[in-house]
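Here subunit A shows up in two complexes: once beside subunit B, once beside subunit C.
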Partner chain A sequence: MYLTRRSRWFGLLFLLPFLICFVLFWLLPLVYGIWMSLHDFRLSFGENGFVGLSNYRDLLFNETVHQRLFLATLTNTLWFMLYSVPLLVICSLLLALLIRHLPRRFKTFFRTIFFMSYSISVTAVSAIYLWLFATNGGFINRLLLDLHFINSPVNWTSDQPFAWVVIVIATVWWTVGFNMLLFLNALEEVDNTLYEAASLDGASPWQQFLRITLPTIRPITFFVLITTLIASFNLYGQTLLITRGGPEQSTTSLIMGINTTVFGQNQLGMGAAMALLMGFIMMIITGMQFFVSYMATKKEPVLAKSVTQKKTTSSATDITLKSDAEKERKIT
Partner chain B sequence: MRHKKTTTILLLIVASLLSIIFLLPLVWMILTSFKTLSDSLESASLLPKSWTLENYRLILNASSESPLIRWLLNTTIVTVLGTLLVLFVDVLAAYALARLQIPGRKIILAIVVIALTIPGIVTLFPAFYLFREAELLDSYVPLIVPYAAGTLGVFLIYNFLRTFPKDLEEAAYLDGANQWQVLTKVILPTLRPIITTLGIVTFLAIYNDFLWPSLVTNEAEMKTMTLGIATLVQGSNFVNPAAMMASTVIATLPALLLFIWANRYFVKGITHSGLK
Partner chain C sequence: MRTHKIFPLLLLTGLLLPLTGCGDGKNADGKIEIKFINGFTGGDGQYMTKIVKGFNASQKKYKLVQSQEKDHYTKFKSGKYDLVVIHEASLRTYQSDQMIQPVTDYMKQAKIKEDDFLTSGVDSAKVGNKMYALPLDIHPLTMFYNKNLVKSMPKTYADLAQLNEQLQKKDDHLYAFGLPSSGLTPFYLTVAAAQNDIQLERDGYLDFAQPAYADALMKYHDMVFVDQISPKKLGLDGEFQSFMKTASNNANQTAVSFTGPWYYSAVKDKYKDQLGIGPMPLLFKSKATTGNAHTIAVSSSVQDQEVKKGISSFFNYLYTPKHLANWAESGQTPSHKETLKLISEDPSRYALAAENQKQLKDYVRAPRVYQFDEQMRYMNEVVFAKLTSDRNLTKDALMTELKKATQHAQEIAQSK
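Here is the complex of A and B:
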């Protein structure tokens, strides 16, 4: 109608700024990175001959220094995910549940406090935790010594398992508020009448949590789980600054490993291959999200039916309306 | 009813105790920045024995090594311009894709979605190398422009626009408006919520980014605050917690205040980003 042929081409002008940025800073680096990974590519003097898939072979199948570094740092990162992800998901859910059950006028206050640390950059978080847990002159050690909980300073940042403890505490403190917000939003959307009906039917709080809360927040829980897995997989700043990858490289993360390969060993081609493998693993994790949410939408009609059947028996809804009216009366 | 009241009080006590634990690192940071060096190393008390501004003087005077004010300025420039650029580029692109029936629309949309699933780490090192070859390291260009290559914003706004009825726009066209006028007068006002969301998410991403700026900047003068603090942690301030905390106070306080002030928008921005 109003879109003539000329104006369709004119519309491309609107797309142009994005297209230029996208091609220059995303597509070109992506293709160049794949090309690099197939070459002996040095940071200092560039391309040094085509090597095919040998970088990948060296990383995955051959016993080389690169493989050792790749597997060691990958394993370290996976350990960190194992320690941090359950805590980040469970603690954020607990915080969200806590806030949900607070009186309305306190909600914003506590939500802001638990979420506040998210506004601090990873480097400042590291600076704070590095000095809180410093061996000599660190506040935590001083406090524990003065209270006679310990006799000599603990090497928080340079002995295991303390190093992971500090990294995990710092990470939880830093990011738990973000997940909490996502949970809180989902919790507030649960229909209140469901809880009231259930409690009138004699369901305990625990039963209500299992039967009402958990099923309704399942999609967001999965989203939080996947995004937290990805974020933890990207571990870099905390271990670089707090533990410096130690003790004995046990907290050297995968990104730190790639950095060492590129800048320490001058192997940009090998580093590009490592980054592509890392990206591939992350795509598998996010692929899981697409797969599961796809399966969920296929199953949804059945699930939804069983949920409504369980919770909205006719008598319960009637009583719910009444109890709502009662509540309003009390307020006025 | 009494049972419910005790539960509420109990929950409030738990929340308050947790708040103290959450606030402790920040309180410690602020109070330590006012301690003398020996006090900060030896005392197990939160409060300084005697309050001093010496750490701030020390930090702000050492401006060749740690130009904190310059870093703050850089961070402001990079996050504000970066966020505006992303919003500008993405709104235009999403508008073209959703409304202007441009040639090759389907292919571009497919690429946008595919790009969304590919993690940033795979483009980081080659992009750094390209910027080095172009001799653009230690400039604002790599610190700002590459963020506009992200496809999340295009995707979010496109989805938002798709579900939005076209009646108003068609009326505007009949009144003789052109595409640009329709975009600025009709579309933009309806995009407010999604632009807020995208703006907040982008702002936080750029502000927090550490790895990318650390690749493309070496000079102290060009560092962002996030990067500068890392330099201090790894550098000479390592032996002086009081001075270190004075720097982190300067680094975190502006963002913290902005965060508390615009808390509502941050919350909205983040919760919406999770559901789309």
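Here is the complex of A and C:
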């Protein structure tokens, strides 16, 4: 299409708000962060000379107070990811499946109830869980003692692995609603005729879930996985307020470590290097997920692909489900 | 003007709007604003607010805009504030990092002299020979006790042990006092040094790896696991939380609490007439108490002469006994002599300040090292938690931890 000079300028004008925001809030901070990480930059009196890659070298190869903090907090954060991400994905999917099968008049009610926790601030969530899991006179301890499940109070926030248990429970309760909503929308998009056809062909609910639901919601599952992973990497408020990074710094997250480096130790340059390394590690993990997902899609049978494309006809389902049933019969 | 010309004009005007917020520091009333940040988010916060409101009401030209933030140091470092409350242990760090300026000229303008304060107060606000802040208060570790459970005020560790025995006979969920796992641990760590005459400061860093200090700290371990005077693993602010509990099958209650004066409002609300206040008992060898002190410093970014005059006016207002007495009412102990005199005249109104005033003669200030809090971090977050939670901790294992803590402190000191 031919664009006049005036309309080209007009188009650029429409792009301008985005461009300004992009440059101001993304590009400039990133470039500035990289620049700071290459300098001895102090929060109090600013730039103190170019140090090249020295901050990165100290973090990765030299045993310094910063390296110890970086590695310890990175390890803690990776543990948290390992504990929380599977739970956050599975629980939200289960909740979404439950709500999807509810009668229509209850759906909105329960969807709102489960999503409500997401709107609460981390301070309030932490206060609730601190009260629930307090060692001395907390609600959970009182309940467990009354039910004779334990003989003496459990030190929920000052002993491991209990501290992680509390942090993970609080995180799941707080954020599960958002993932659930995404899954719920994806589930609503699944073509009902596929389930009807599968039922007629004798597929069990489990088979239907495995062969129809999961392949169809694969893109949203991948999205949920990536966003949950990134959110877990940004763990801060819960550990700061519930365990204060304890016991013995075992729940001090990477963001808390960066915060200590920048605001406690005044080392903005080192903190910037830590933050950039953190971003790099997140990119690697996300890249690995993309790769695994790509490989899985490549190996996927014809059915899953066709279902994902939502162009599958019931006959195609018939054929594959029948062939699956035949295979199972042969095995038995 | 045609529509397509008006639209870009509006858009650009809109984009420029945020820039109009950058003014000359005057508010809508034409008053000069002085931005004041402090960390008084506890019970004492309302009393500082009362002082600020009083100052604002008395002024035609200046207005103090107060921010009370839990993490006020972070906000101060990353924001633009004129006045800041700094703990004495951190004052040298802020001076060294060029974030504050000397206050001698402000004092002159406000007609305040060093002699107006106790020596410990002046000491809390000085770096080298210069006043880098004005002393607000000294808050030593304070003893609160529950008169329902404590018949005579404990003065020594033996008294506490005896009290514990009596309480345990009554109910095995009743203890003499509680040691926290985290929170106020720097006070406990410095008290152990002060009451054993141990100097932690060495060449600008904190040297914890001293056998005598290990012995002193092992006494805390024994208080929990041998003498069982304190419940174990009380968690964050456990010394205060356990004091506020009622003994039951899943809650341990303590009769005495060694804590900060900022909890005064809370404990007073709970125990009313049954609240006892006393000086820190002798837990170790010699009588001493530690804690910290609040000082008010001026940001090095303040250059405007009018703002400087406004700050001097505030200092002049604050260091008037009837105004600073509000701060004493919150439980804090000002180091301003005239205000202390006023407190002495009415000890029932300023009960805690009057009581704490007595122990200022035994007050030992925290070591003056660069980034005191960071140098203490390993001790606070790891070592003290081990002392109150690891039954099998030995002196050798503790020495290993103290060496790690010292190495950490040394590296922080070198980062100056």
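Everything below uses one rule, namely that the second predicted complex is superposed on the first by the 255 of 332 C-alpha atoms of A that agree within 3 Å, B and C clash if a C-alpha of one lies under 4 Å from a C-alpha of the other, contacts with A are read in each partner's own complex, and residues count from 1 in each chain.
One rule holds for everything that comes next: a contact is a pair of C-beta atoms (placed from the backbone, for glycine too) under 8 Å apart; a residue touches a chain by one contact, two chains touch by 3 or more.
Because the structure is a prediction, the values reported are computed rather than measured.
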What is the contact status of A:145 with respect to subunit B (first) and subunit C (second): first, second, both, or neither? both
Touched partner set for A:185, first subunit B, second subunit C, both or neither: first
With both complexes superposed on chain A, which partner does A:173 reach: first (subunit B), second (subunit C), both or neither? first
On the A-aligned overlay, A:257 touches which partner chain: subunit B = first, subunit C = second, or both, or neither? neither
Subunit B versus subunit C, judged by how many residues of subunit A each one touches: B
What is the contact status of A:234 with respect to subunit B (first) and subunit C (second): first, second, both, or neither? first
Counting only touches as set out at the top, which of subunit B and subunit C does A:137 meet: first, second, both, neither? both
Quick one: is A:10 in contact with subunit B, with subunit C, with both, or with neither? Answer first, second, both or neither. both
Which subunit A residues contact subunit B in one complex and subunit C in the other? 10, 17, 43, 134, 136-137, 142, 145
Can you list the residues on subunit A that touch subunit B in the complex? 1-3, 7-12, 14-15, 17-19, 21-22, 24-26, 28-30, 32-33, 36, 43, 95, 98-99, 101-103, 106, 108, 110-124, 126-132, 134, 136-137, 139, 142-143, 145-146, 173, 178, 181-182, 184-185, 220, 223-224, 227, 230, 234, 236-237, 240-241, 255, 258, 262, 268, 271-272, 275-276, 278-279, 282-283, 286-287
Subunit C residues touching subunit A in their complex are 4, 7-8, 11, 15, 73-74, 77-78, 94, 97-99, 181-182, 231, 233-236, 238, 241-242, 245, 248-252, 371, 373-374, 377, 381-382, 385-386, 389, 408, 411-412, 415
Which residues, counting only subunit A, touch subunit C once they are in their complex? 10, 13, 16-17, 20, 42-45, 64-65, 134-138, 141-142, 145, 153, 155, 157-159, 244-249, 252, 259-260, 263-267
Subunit A contact footprint on subunit B (complex, rising order): 7-8, 11-12, 14-15, 18-19, 22-23, 25-26, 28-29, 32, 40-44, 88-90, 92-93, 95-97, 100-103, 108, 115, 117-119, 121-127, 129-130, 145-146, 148-151, 154, 170, 173-174, 179, 183, 204, 207-208, 210-211, 225-227, 229-230, 232-234, 241, 244-245, 247-248, 251-252, 255-256, 258-260, 263, 266-267, 270-271, 274-275
